[in-house]
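In the two complexes that follow, chain A is the common piece, with chain B as its partner first and chain C second.
Entry: the complex of A and B
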């Protein structure tokens, strides 16, 4: 007899959305989360506000997860790590360590929503001195300060007067191995620049970029607003190195439209780091024997017309486990994964066990 | 980038990062490295009422190929934004006076960076600080003193009607309501070639038995070009005069000779309480062309130059063409850059009074560039319907060596030639 339960691995926005959908359709979801709370990376990394609508992250996530927290169709297993899997569509036997105890989970289909991790700008290259200079930080570091409404130079606790973002750090880079565009960093840098300007109206904000990739409504909702209303300065040309000069950082690069070198002093430099597959995503690919792409994201098999099916029937992937994704992508693919997972267990019922 | 010789510094000893450089490196040139992005320069522009959209440029560069000034020099909104971002002081820069406000950039700008609002706003500041090219300042002063940019006597504003050959009714004298109030404007009232067109238009109106009148010596310059060149105060003073004057008389519509006046009546006067239904004379004549009694067939190939302030600014592209095509024997040949894409004659936005200044910044005049294009079509006649253009293009025909190949005529001059009067 095939199992009708659906196992969801990863309790971030994609996992929550998938659980919600499955429960709403009257099926049982088992939601496994390694931490002791839901919310995934936006919660763990303490995002201040969501892009592009500036909604408070805690409020938005709280609203999103409320229906699954007290839902008889959703069984949430916190502090749980998946360690092994056997079986196939309709009958997966999955081993896990839950609160230190070995358990077994049976499911007819699996949705993997283990997401991404932020690129560590000190991992491959010390080009920007992330480990060296206190005032060189990442989008994630900045996000935490913005959430606390205390945006300062880590070196001395003072409010910065000049801040710049350097785009595409750890993305679009053959040498680092991340050849893809991380999709969200242009929008998040622009969103943060608006937040900085609101918080510190006297602070000048610059964004050094290769090309601004503000697809869809991000163009008018974030990019134009940052430039037109908040006077953020966009300069085409990337900084290549950062050297300390007194208590300032000298950002060196080329202003490409001017075809001239630039060496501009900054109080704070924010590296717009991109996305990489999380450890969890890589582990789940290995546990379930899923094909991964060259960047170790889980490969989906249906091309652009099926963004959630993996190389193993009955196992689906949603959100940033399959590649760079924004929240819209994540919840959309989660809904699709929920639908396909239910279709898979229904279909497998007709197949004799 | 050219090296400014005054910026070359010879150093006896040059030490960089503790290393003494050899003598040949001791010659330092002007700063090449960008050491700062001084946002104050851009902020100064965007903080002006009308200047806001200067900060919206995202450097797509679409304005540059259609900028008539960049076609013959080095200019354009994208470059202005970039220079401002790099700290250039537009308020004290020659770049401030190059724009003719032709609106071709705004037509193609995805971000609606509006030089038509930006330029007058920044220029107004420059004017208040006395940073105006001399030749433009002279025109401001003449306008202020005489009521027209040509510095002619106000009393002689209607003298041209004595040579019209037909009766031209003046409102003050006829003392009755009219259907059409013809606002003649300065160049058509004073300039030799402008007067030719005015006389021609008077004859046409006479044959059509139009019930009309002119303001005569009471009329003052609408000053729209002075406004765009930064003289907002002058504009408002004269606008108030004209609005008061027009409110004295009864009429159904205003007909203007000058597209710049059309622009003022349509877009600026309403802001000052002057609401008048205003049309250009080609718009007025187009539906009446069939009523004219033509005696001559003109075997001309004619090409037509769309005035920026009639076409792009006020949306009238068809009426002048209908007038031209209704003339017996005339063949209309379009230039490549026509209608919405029309090239600028260089006269708008104060350009009319900045030819000497512009000569230092362009390879050839805009009017010369345009005349060459007109000649290339094989046309015999370059037809115009803006009083700035006749003299500009006639000069350009001479300076480009095209005398004998191309003549410049106002549309009404062609009509009168065909009427055989």
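Entry: the complex of A and C
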């Protein structure tokens, strides 16, 4: 007899949404999370507010996870790492280390929602001096300060007067190997620029970009708002290097549309780091024997019309485990994965165990 | 000559002064209706007839203004704005900017503040300004002098010799004029004088050409006094 339980690996937005869907349809979800709480990267990295609606992250995530926290159909295993798997659709036997103890989980289908990690700007080159200059930070560092409503220069604790974002750090770069667009950084930089301008009205904010990728409603809800109402300066042209000049950082690049070289002093530089597969995503691909793409995200097999099926029947992937994804993408694919996982266990009931 | 966008052009003018002029542009009621944000996409340049003949870019006008680049706006206010033919072909902007109308505002600020470049750009228009503001018509038959438009050919001289006869040959009686393009009623001219007085046009003329202003004031004050108006241009 096939097992009807569905194992979800990773308790971020995608995993929570999948568990909610499975439980609501009357099936049992086992939600495995390596940390001692749900919420995933938005929680762990302390995002201040969501893009594009500026909703408070804690409040939004809290509301989202409430239905799974006290739900007889959802069994959450915190502090648990998956270590091995065997079996196939209808009968997966998964080994895990839960609170230091080895356990075995039986499931008919698996959803992997292990997400992404932020690109480490010091990984390949030091050209932007992330580890060299205190006042060169990343989107995630900025998000933490914005969450605390204390947006300052790390070097001296003073409020910055000039801040710039450098887009596409670790994305769209053949030399680094991440050739893809990380999809969310244009929106997040624009969102943060609005937050900075609200917090520090005298601070000038610049965004140096290759293309602004503000699809759908992000266009008029954040890009236009940042540029028109908050006078954020969008300059098409990438910074090539950052050098320290006295107390300031000198950002060198080209103002391409004005066809002139650019050397502008900044108090704070924010690197818009993109997404890479998380360690968990790479490990789960290996544990379950899933095909990965050249960037090591889990490869989905159905092209654009099936965004969650993997190379192993009965194993689905949702959210940023399959590639750069925003929250809308993540919860949408999680809902689809929940539906397909349930369909898979129902189907496999017809197959003798 | 290529448009010079270098940072140090007009470095002799203080940043505060440039900012004051930019703030004057922004304070104009039209500003927020003609400038939103700029994609820097160039659709305005593609539509612009001036851009085909001069090193002129309505995009750079809009992007400098949208970026609030005070130095660059000042540079453009002294150069580029006078290359625009004010045809508003640039109004097809997807963000609904109107570079042409941004220029209108920038020109007015340049004139009101008596920028040397505005005076120079408008120098050649003194005769036309005098004509339109004193008579209410822009071009008049008596401007056809043999030496005025040499490229029109020698027959211009023949026409100017017998101007009144030529004009009488035109059927509409309202065109039997030589000093104005058509018969301008006194009532019309009085109304025009009052409009120019009340809307600040006379002040703008004064700030770019005091001599022209003096001559116009003489003409206007006399006519207005005759018509029973007690108006002084000071």
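Everything that follows uses one rule, which is that the second predicted complex is superposed on the first by the 353 of 353 C-alpha atoms of A that agree within 3 Å, B and C clash if a C-alpha of one lies under 4 Å from a C-alpha of the other, contacts with A are read in each partner's own complex, and residues count from 1 in each chain.
Throughout what follows, a residue touches a chain if its C-beta (ideal position, glycine included) is under 8 Å from a C-beta of that chain, and two chains touch if they have at least 3 such contacts.
Remember, it's a predicted structure, so these values are computed and weren't measured experimentally.
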item: Fit-or-clash call for chain B and chain C when the two complexes are aligned on chain A; value: clash
item: Chain B versus chain C as contact partner of A:34, first or second or both or neither; value: neither
item: Contacts of A:264 with chain B and chain C, given as first, second, both or neither; value: first
item: Touching partner for A:133 - first (chain B), second (chain C), both, neither; value: neither
item: Partner contacting more residues of chain A (chain B vs chain C); value: B
item: Touching partner for A:233 - first (chain B), second (chain C), both, neither; value: both
item: First (chain B), second (chain C), both or neither touched by A:161; value: neither
item: Contact residues of chain A, present in both the chain B and the chain C interface; value: 223-224, 227-228, 231, 233-236, 257-258, 260
item: Touching residues (chain side chain A, partner chain B) in the complex; value: 204, 206, 212, 223-224, 227-228, 231, 233-236, 255, 257-258, 260-265
item: In the complex with chain C, residue positions of chain A that touch it; value: 223-224, 227-228, 231, 233-236, 257-260
item: Residues of chain B that touch chain A when the two form their complex; value: 32-37, 39, 42-43, 46, 52-53, 55-56, 58-59, 82, 85-86, 111
item: Touching residues on chain C, where the partner in the complex is chain A; value: 5-7, 36-38, 40, 59-60, 63, 66-69, 72, 95
